[in-house]
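Report on one structure; see the data block that follows.
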């Protein structure tokens, strides 16, 4: 079978041994045993397991047009609305397993890659080989169920350096050399989430403004994560223990973010997708409809996550059982968000359109709206949990406190009505992790800036929304009537 | 034909001569000539005209199962999702004519009546005659295209009087006498919008809490608007002139709100739909799925109105042509609202379900969400117009100022770039009427409280949302996993 | 006495007969009899009456250093904090009479003129005559208790014309000719509030960016309001009746806004304060500390107005006597605003500093904060009134409805508990006028943009706040510690 | 000297060895060496050091009326506004040392104790001994510079148990026995912050509603923190390392919160301040003016903290040096908050009044407003830091990454313009700890609920605000005018 299972995934990740820096030291040994990664890897392995299970295989795979083997549905090049619905059903299954906490469950990059390859013809006129490379790479990933990460943002101080410094001194990501064997690349990329737990990495910086015919700052490629010269610098881990009682979320869903540094990395010729041509790079970004396609995945994820918030909010309210007007209003805010997200998903599929290459694309306007909406309501949902959990979560005992409390009897004092202290604390610990912990803080920033700064996301909507002109003309006609 | 046209509508309204009090005096003469009503009546007549026009008749009517004549699609008892979509298409046409400003365009009450009649079987066991009356009345309205208004809220000080005062002294709406000929009713009802411009009025107060077997405060009926004993007290009119240049909205869309006072009104026997049985009254309110059905109409209206705001906002921004980040964000807020409303409509139809009597009902949860969402964003959209229009709308000249300005040359000073003063002022006057005038103020209050106080609307959602239990259990299972 | 009383004021206003355009026609007859002006004029006359009354004269006047006659305290050149406190006490008395609804009660311009004259020495080096003119004019106004208005903003499309068009074609306000007798000026100015009810007008457009040595777009002067060539174009009036029952606010406090058009206006030589020198104009604007000084007046006004909102909110809540959590929160929001405004006033005086000319200036930072804060909370207070008044204000009967209701008995149905219908309706009409009428809408825009666009007000604060550097360095030191 | 220094403080804390449970195990060894406490203790020791230093001693102490030794100014029973200003100056010095992050720097409890003792005469009539105990205890604390903590909130499930269960079974805090030697108490109390780093603890639960003459659930007392039967259960520590570079805040300011469990605790007779009399307990709570007095301290703290946020925000904005409108607006929001807090402090002192025992109390209304305002703006300031820091803080390297980066050269890629990577990262780590870490999350909850739930704080204001009646009557008079 082309799909892999959890065990295959873990084995592959452990064998790759990329250069990972954790707290200033190279990480050694099996990643799957490392405290900062094992919970995440176990969750991710369970995702891969799902797709092969009898219960799910039909709804999570399709037969590869190449190998006739079942391959993951998130790889599919959708041609019909039905394809979109199948893909969505598959992604919803994964999202319901990780409750939307994994920003980089594998389906995200599978769709991203598919989006680029769907517009590969943009590359062909200027470089048919690169276009072919991209198509082959997509097929390779699909047939081997490759776990892919990506990097495209450069650190704040580096990008301008392409314009202001000499090529030699520039610290912007750049191609040093391009020749028969491939190309040599250096540069730094921010925020490759889950890079250390992926098999490959796709690097595709947004093209610079430099308009030279031959632009060494413009390129795209994919390489194995353990390619020499690639270093992954980890942030601090927010895993503070293995107890799923104390850390119900971080013990399972803490994705590591890394800074990717490429130092004279040799990219093989057949892995180059773009080089030197900024206008083609722009066109590919545009024509791939990247945002509309990957948002299909993120929207499934948003829905699962919002449902998780709703249940937590309701259970917190039920715990103290007052149901004040204020509580009802707060919970209703989450209900409203959940149904809005579900509706946006229905509409995105309902109004989907084929692009010029026959690929079915979820409605762009709807998706741009979603990408503006969720970063605004997510922090508010977090705040609602804080408000409902109140000062009760400032001091929460831990599992061990409950186990060893013979002398001070927590159980006696911390139960609420019929709810045992054990369950009260479990819910409070969840509320804490969801709303106030470092894990929560990173999730807030992650969701808030998932598709870029607020201003970028808004301008993308404002400029990309086709209905604006109609509304404007409606008013002009009205005033003339 | 069973559908009427604008001329028939105006003739009927003028002939009825109900008792209307305007500024403390009885209104005399043709209503269609009165400055406070003529603009509205002209707009409403144009709605009736539409449905008979060749361009629209097929999409706005269906063949009556009774008479085989074309009747208005808003009367339809929908049995399929396709029926819902047809009904929506019809309502969207009307909404696009009045841009959502008419809260009581006739389709609203047509659907309300249909909703009640769809659950008429709730009444049958206790009183088959009343159930039959309701069905006959629906058919009468549909076949004669009756323009209906309704009243159900009692003034703040009166309702409690049913519980605290003797029956004789009580100022709550009540049935004095119930006999072979019908019943005699007194009471006051707030906020019958467009009562003076309707042919009939349906009066159906929410049942009181009194649980006596025979409850004289529980009833429902419909009567001609000119029935003796019925007085309609108007509020101040916000029509300040006929000029569509100076008053682009109020000159066309100012619906009059009235207080309805019934003094010993004789209700004919065949117009009684409910009497004395509070539990049946409650059940009918519930089983009719009133909110889910009429919200199908209001949602079409919300979309048309939001589109109007979007166009106005965009044109205001284009006028000064700065497109600051702040402006883009403000306009994007309206885009987001518009697409959310459209999505909610798609989902409401997509998830519609048949009730036990085989009537197709738009998804209740989606509709309750809509009814919570719109009252929150509507005032915000008004505020966005205020912000975009800025101090420019504090002083706006009028049509006459432009006509007579030989000596002071407004045209010279008030044009902006290529936009002539005439067009600048037209847009500013629209912005004023939409955001800051008495007309605007009444619209804000109307939309804010359309389905009741914020707390009522939220509690209706919180209690009626079926997904809450699922989410709650999801978390309980997660914590046990 | 140098101070005037109401009768003198009205006589003067009626005698001036400036060129006022109302609904496209020249206004004739006594302004004090015109429906759109009489309520305002009566209120303003009562302000002038106050200052001469035995009860108030000591706290509202001081002895002129010139004439030893009592003159209005708002004219004072404050030298001590005690002077500031006296001035504030005087302004609070006027504000408590008009409840903060008059944006241009005479004290505003009195302080504005004082601010400019306090920095007149900025003008002397380049033109001692102009500096002298300004000082003389201030003394003239103080000794004759002149009612002054002002204009400085040019219509959106005109200002740029100074840069883009030839001098001849330019529609920016400009000096055509400057000679021994004075100067000839043309141009349009937005939003002179109360111009038609003032005796004089001060015109002082912000200097353009043009840096020519001799700049015909830079000037300042004051002239009698009836100077030939000056036309005042009124907006629509929001006075809809004289009844203080139906229109408790607009019948008393509706200030007219006008567009001022100057067509070849001859300015006498002794009334020119600035001409041609843009850098002096900039310096005067800066050194006068205009914002810090006039904000002392506006802050008194804000406090009176906020107190008015608080009382209205509380009475609305008491009417239905539920005191839900939501109501308490809404009212508390206004309490918080009121006490914050009061505190800002205390601090502004406490931290006041003398400028280089020995004039005591309220703390600039505090005042810039106030000017950012109030435009944000004012619309929110309006919204709170809307929320508390709820749908009850959608339909409110009028005074005449109550007088003539023999046949339909409003009194019976509209009382709430012990509050008679007459009082219920009076409160509701107030809530309507305060929150939803055209009068309310104009007040919202007026307060929102009183000191310019939100962005301007914020940038003025951000750039003018001296504490920013300290805070920044605090953090730098902390990080190094 | 009566004041202690840091060394004395640390020695005392280490010697006491109270029963502290940390991660389910008793804490052994010196607390000042424990990773979770050492940073905090070092900061707190530096506070004690300050007051004895020549630079500060005059402004931080006053001469004890008892011993004529210098004692801490936060103990003073203020009699004049000057006393308040001296106290404020002292507290501002401490707050500027801990930047407002310590919710329980010693001055807080010093003022709380002073507030209770100022109203000790409330206790005298019913029990002169208890009143005397309280006075003596205050003197003891002042003369020995005792570090005091307190506890008064009971866990959500326990308090009702006083009413619903038998005395024997009740899990509400209660007095088992009261006799010649003192009393025996059991119960649990939430959220004693810094209990493990204090010398004594004051326990004073709000009186229950039970109105029996003799109420065993009503009491107040203070005991040494190491009294047998007292167990302090710690929450998880948010100290994740000693590096002040990586953890600039938590390494210094992480206050531990504990659950206090009393199991048959023997309270000595001379430490009982209240017993059995619920009405006296209520009166003491009221008459002590607890909120108005301690808010004097919290307001100083709020100001220091807000200034810290302002500096951080400004430095974040300067780092990327764009100064967009949005950034200016965000920073201005913090400026507004800072100046409002400062103004509230000025007014609270300016309007302070003596109570019936001659103690000067900061203006109550102003303080209740402050307590409503800060919990609302604090989370918003946190959000502003998140927005300004953007996705840059999702992945931040650590000190060790910078030290060992020979092979991957972080310095090269992470500098921004002229700011070295070392400083960029330092600022980002601060932004992370301030806005997104567990430390930040706990601070948000702590500030949000410092004086109780939002609803409690609001109702306290609404009911305690004396200006409400005046405003209400103002409107009534206006409507009658």
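Read from first to last, the chains carry the letters A, B, C and D; within each, the first residue is number 1.
Quick note on the criterion: a contact is a pair of C-beta atoms (placed from the backbone, for glycine too) under 8 Å apart; a residue touches a chain by one contact, two chains touch by 3 or more.
Computed from a predicted structure; not experimentally measured.
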Pair of chains joined by more contacts [C-beta pairs], A-D or B-D: A-D
Label of the chain whose CA centroid is most distant from the centroid of chain D: B
Chain B against chain A, contact positions shared by both copies (same if over half, else different): same
Approximate Å spacing (C-alpha centroids) for the pair chain A, chain D: 40
Distance from the mean Cα position of chain B to that of chain A, given in whole angstrom: 44
Inter-chain centre distance, chain B versus chain D - centres from mean C-alpha coordinates, in Å: 53
In chain A, residues with contacts to at least two other chains: 324-326, 454-455
Residue ranges of chain B touching chain C (in the complex, touch as defined): 21, 23-25, 153, 155-158, 171, 188, 190-191, 231, 233, 235-236, 240, 246, 257-259, 261, 263, 319-320, 324, 326, 379, 383, 386-387, 389-405, 407-410, 412-417, 424, 432, 435-438, 440-442, 444-446, 448-449, 453-455
Residues on chain D engaged by chain B in the complex (per definition of touch): 324-326
Touch list for chain D against partner chain C, complex: 99, 244, 248, 307-308, 310-312, 314-315, 318, 325, 328-329, 331-332, 335-336, 338-340, 342-344, 346-347, 350, 365-366, 369, 372-373, 423, 426-427, 430, 454-455, 458-459, 461-462, 465, 467-468, 470-476, 478-479, 481
